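The data blocks that follow each hold one structure.
Here come two complexes built around subunit A, the first alongside subunit B, the second alongside subunit C.
The block that comes next holds the complex of A and B.
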C-alpha cells in the first residue's frame, strides 16, 4: 500500500515537474530521462562484472538505425525506435563473439576498440551514414492525441512525457530481468563464476545475454534521442559521452538498481542548476573529472565488485 | 614506385619513433604499477602545450622547451602517482577510472588556458634532407627520430644496467618478492611514473611543431598507444617498440595508398584480432595476462 502511494506520488511529480521549469530545463529533462535508460542498461552489463567502453556507441547504433529506417524507408517512428533497439542488440550479439573471448581489462579495451571501429565506419561511409556530418532532418515523432492530452512533439514537454513512459516501461523490464532467475545468474556469473560454472551455468552465454539485452535498451535510448534532437553524427557518441555515463554509474554506485539512476539525476541537476546558473558551463569536463576522481578515491562502493575480482585474480596467481 | 615506397617508409619510421616513446611509457607504468593510464594521451598533449607556451609564445630555444616538457610532464606523473595511483594501489581498475577523471581535468585546463583553437607553432627548421632527388625528410622529423632512439637506448641502459633499473624490473615482475628484498615499491613506482609520463610529454613536445595542437588531441594518441601495447603484449617494453614499428608501417602505408580513416580502422582491427587470437600480444610472454 505504501509502495503504491510512493509510485503514484512519483508519477504525479513526473507529470507536474516539466510545467514548473523553464523551456531549456524541459529539454534537459528529456535528455536526463533518456540518459537514465542508458545508465540503467549499462548497469545490467556491469552485473556480470564486465565494464564496457562501447556502450554509448552501441546506443548510437540504435540512433542511426532508427534514423535511417524512418528517413529512408519511411517506417513509422515508434516502430523505428523498436528497430533501433533491435539493431543495437544484433550488433551486440555479433560483437559478443570476439569480445567475450576476453575478460576484465582486455574486454574494456576490446569494447573500446570495437566501438571506435563502428564510429569510424560512420565517418568513412557517407552513404548511408552521412560521414562526419552525420544524419540531419531525422523524422520527429508524429503528433497524436490520447483524449485527455494532445501530444505535440515540437514541445519538449510532450516528448518528455512520451520518453518518460517508454523509459519507465524499459526500466520495469530491466528490473524484472534483474530479479528473475536469469538476473540472479548474472550476479552468480560475477561473484561466483567458478561455482556457477561448476553448477552447469554457461558463463559466456549469460555474459552475452546481459550484453545483448543491455545493448538493446541502449539502442532504444539512442533512437529516442535521435528523434528528439533530429540530427546525429559520430561525435554525438564519442568517448566523452561514455565518460559521462561511466561517471554517473560510478558516482551513483552500481551496487543497486537505483544507484546509477541516482548518479545521473544528481549530476544532471548539479550540472544544470549549479554550473549553468553560475555560468560555469565551460568547466563541466573539469568538474566531472574531479567528481570522478574524488568519488573513486573516497567513495569507491560502486567499484567494490572490481576490487574483489582483481584481488581474487591476484590470489589465483 | 620505389621512391614512393621509400618515402612512405621514412614517414613510417618517423611515426614509429614518437609512438614508441608514448607506448613505452604506458607499458612502464602498467608494468610497475599495474595501472592502465588512460590520461597518457593527455600527457602527450600537455607536452605539446609546454612547447606552445615556452617556444612559440616566449621564444625559449626549442630544445630547452622540449626538456622542460619532459620534466614538467614527468612531475605531473609524480602528482598522479601520489594523488591517484598510490591511494588506489589495491584497485587497478579504480586507478584506470581515476586516470579518466584526470584526463578530463587536463583537457579542461588546456581549454581554459589556451582555448579550443588549434595552435600554430613556428617551424624549428625549414631544412629538408633529400636523397636520390625524390625522397625527402624534413630535419624537424630527423630530430624526433634521433631523440627517440637516444632516449629509448638510455632507458634500455637504465633498466638493464643500473641498480635502479634492476629494482624497477624486479617490482614489475613480482612486487611482493621485490618488497621482501628491500626494494621500495613506492620509490620504484615514482621512478616509473616520472619516466613514463616524461616520455609521453617529450614525445608531445618534440612533435609539437609538426602536428596540429588542440586540447583534444590526446584522444587519437591514446588509441594509438593502446593498439601498440596490445599488439606488442601489455607488459613488454621491447614488444611495445616492435609493435610501434609494425603499427606505424601499417598505418602509414594504408594512409598513403588508401585514406586516413581506413588506416585507423585497420589499426583497431589489428588490435581486435590480436586480442582474439593471442591476447598476450605478438611479442609478449605467456605468463603476462
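The block that comes next holds the complex of A and C.
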C-alpha cells in the first residue's frame, strides 16, 4: 500500500516536473531519462562482474540501426527503436564470441577495442553510415494523441513523457530479470565463478546473456536519443561519453538497482543546474574527474550507501 | 555391473612433471570412497580431472560407462557429479539461502522469459523448498538469512556441502572437507556424510585426516607420487606395508 502510494507520487512528479523547469532544462530531462536507461542496463552487465568500455558504442549501434531503418526503409519510428535494440543485442552476441574468451581487465580492454572498431567502421563507410559527419535528418517520432494529451514531438516535454514511459518499462524488465533466478545466477557468476560452474552454471552462456540483454536495452536508449536529436555521428558515442556512464555508475554505486540511476540523476543535476549556473561548463571533465576520485576515496560504496544508511536508521527507530 | 565412476589409466602432466601417472580405481554406487596419500601425491589433481576442472593428458573418466573426461565442469555437474572446493569456497557476499538456491540451478533451470512474465512461480517455490530442505539437512535452517561469509567455519563447510546437495547429485566429490576443523566439528561432519550416504548419494573424498577417513570410508584408494599404491577397506589400508612406508618413510625398518 505504502509502495503503491510512492509509485503514484513518483508518476505525478514525473508528469509535473517538466512544467516547472525552463526549455533547456526540459531538454536535459530528456537526455537524463535516456541516460538512466543506459546506466541501468550497464549495471546488468556489471552483475556478472564484467565491466565493458564498449557500452556507449553498443548504444550507438542501436541509434544508427534505428536511424537507418526509418530513414532508408521508411520503417515506423517506434518499430525502428525496437529494431535498434535488436541490432545492438545481435552485435553484442557476435562480439561475445571473441570477448568472452577474456575476463576482468582483459575483457575491459577487449571491449574498448571492439567498440573503437565499430566506431571506425562508421567513420570509414560514408554509405550507409555517413562517415565522420554521421546521419542527419533522422525521422522524428510521429505525433499522436492519447485523448487527454496531444504528443507533439517538437516539444521536449512530449518526448520526455514518451521516453519516460519507454524507459520505465525497460527498467521494469531489468528489475524483473535482476530479482529472478537468472539475476541470482549472474551474481553467482560474479562472486565465485568456479563454484557456480560446479553447480552446473554454464558461465559463458550467462556472461553472454547479461551482455546481450544489457546491450539490447542500451540500443533502445541509443535509438531514443537518435530520434530526439535527429542527428548522430561517431563522436556522439566516443569514449568520453563512456567515461560519464562509468562515473555515474561508480559515484552512484553498483551494489543496488537504484545506485547507478541515483548517480546519473545527481550528477546530471549538478552538471546542468549548478555548473551551468556558475558558468563552469568548460571545466566539466575536470570536476567530474574530481568527483570520481573523491567518491572513490570517501564513498567507496557510492551514493547508494548514504541512502542505505538513512533508511536503515529509520528502520531501527 | 559397471561402477558408478571408473577412472582408467588417468594421467596428468604439467610440462615435464607427471602429477598423476596411470591411475585406475572404481567408485561403487552407495559407497563412501576415500582418496588418500601424502602431500603432493596427486589427489587433488585427480579430483580436478574427475570434476572437469582439468582435462586429463591421458586416460578416461567413466561415469556409468560414459566417457566424461575433458568435459567442462558444468557438463560434468549436469551428469550428476558435483564437487566442493578446498577451504570455504562459497558465495560469501550472498545470503545462505541464495547460496543453496544456486545449488538448485540444474534442477530448476532459470528461464529468462518466464521470469520477466512471472510464469515461473511454481518453479521458484519448488527451488525454494529444495534449497530450504538442503539447508535443514545440514542443520543450517536457522541461519538462512545470514551472509554466507559471516558463518562460522564449521557452518561454512556444511553450507558448501548443502550447495552441492541441493542439486541431489548421484556423486559428490568432497575436497578436504575436514581441513581446519576441531575434533567435535569433524565428528559432526562425519555424521552428516553418513546421513548423506544413507540418502543414496555416493561420496568420493580427498582427505588428510586419517581418523576421519578410517572411520568413514567403505573403500580407500591410496596414492603416492602420482601413482596407485594400494586399495582396500580401512583395516587393510591401515596395515598395508606400502602405505605405512609412503607415509612414514621406511617404517617397516623402524618397527
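Following the convention adopted for this analysis, the second predicted complex is superposed on the first by the 301 of 317 C-alpha atoms of A that agree within 3 Å, B and C clash if a C-alpha of one lies under 4 Å from a C-alpha of the other, contacts with A are read in each partner's own complex, and residues count from 1 in each chain.
FYI, contacts are C-beta pairs under 8 Å (C-beta built on N, C-alpha and C of every residue); 3 or more make two chains touch, one makes a residue touch a chain.
Keep in mind the model is a prediction, meaning the values are calculated, not measured.
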Clash or fit: subunit B against subunit C, after overlaying the two structures on subunit A? fit
Let me test your reading of the model: by the given contact rule, A:180 touches which partner, first (subunit B), second (subunit C), both or neither? second
Looking at the overlay, what does A:239 touch: subunit B (first), subunit C (second), both, or neither? first
If touched residues of subunit A are counted for subunit B and for subunit C, the larger one: B
Contact-wise, after the overlay, does A:116 reach subunit B, subunit C, both or neither (first, second, both, neither)? first
First (subunit B), second (subunit C), both or neither: which does A:203 touch? second
Touched partner set for A:128, first subunit B, second subunit C, both or neither: neither
By how many Å are the closest C-alpha atoms of subunit B and subunit C apart after the superposition? 12
Kindly list the residues of subunit A that each of subunit B and subunit C touches, one partner per complex. none
Subunit A to subunit B touching residues, read off their complex: 51, 98, 101-102, 104-106, 108-110, 112-114, 116-117, 120-121, 123-124, 239-240, 243, 246-247, 250, 282-286, 288-293, 296-297, 300, 303, 306-307, 310-311
Of subunit B, residues touching subunit A in the complex: 36, 84, 87-88, 90-94, 96-98, 100-105, 107-109, 111-112, 219, 223, 226-227, 230, 259, 261-262, 264-265, 268-269, 271-272, 275-276, 279
Can you list the residues on subunit C that touch subunit A in the complex? 51, 53, 72-74, 77-78, 82-85, 89-94, 98, 101-103, 105-106, 108, 110-112, 115-116, 118, 120, 123-124, 127, 163-164, 167
Subunit C-facing residues of subunit A, complex: 173, 176-177, 180-182, 184-185, 187-188, 191-192, 194-203, 209, 213
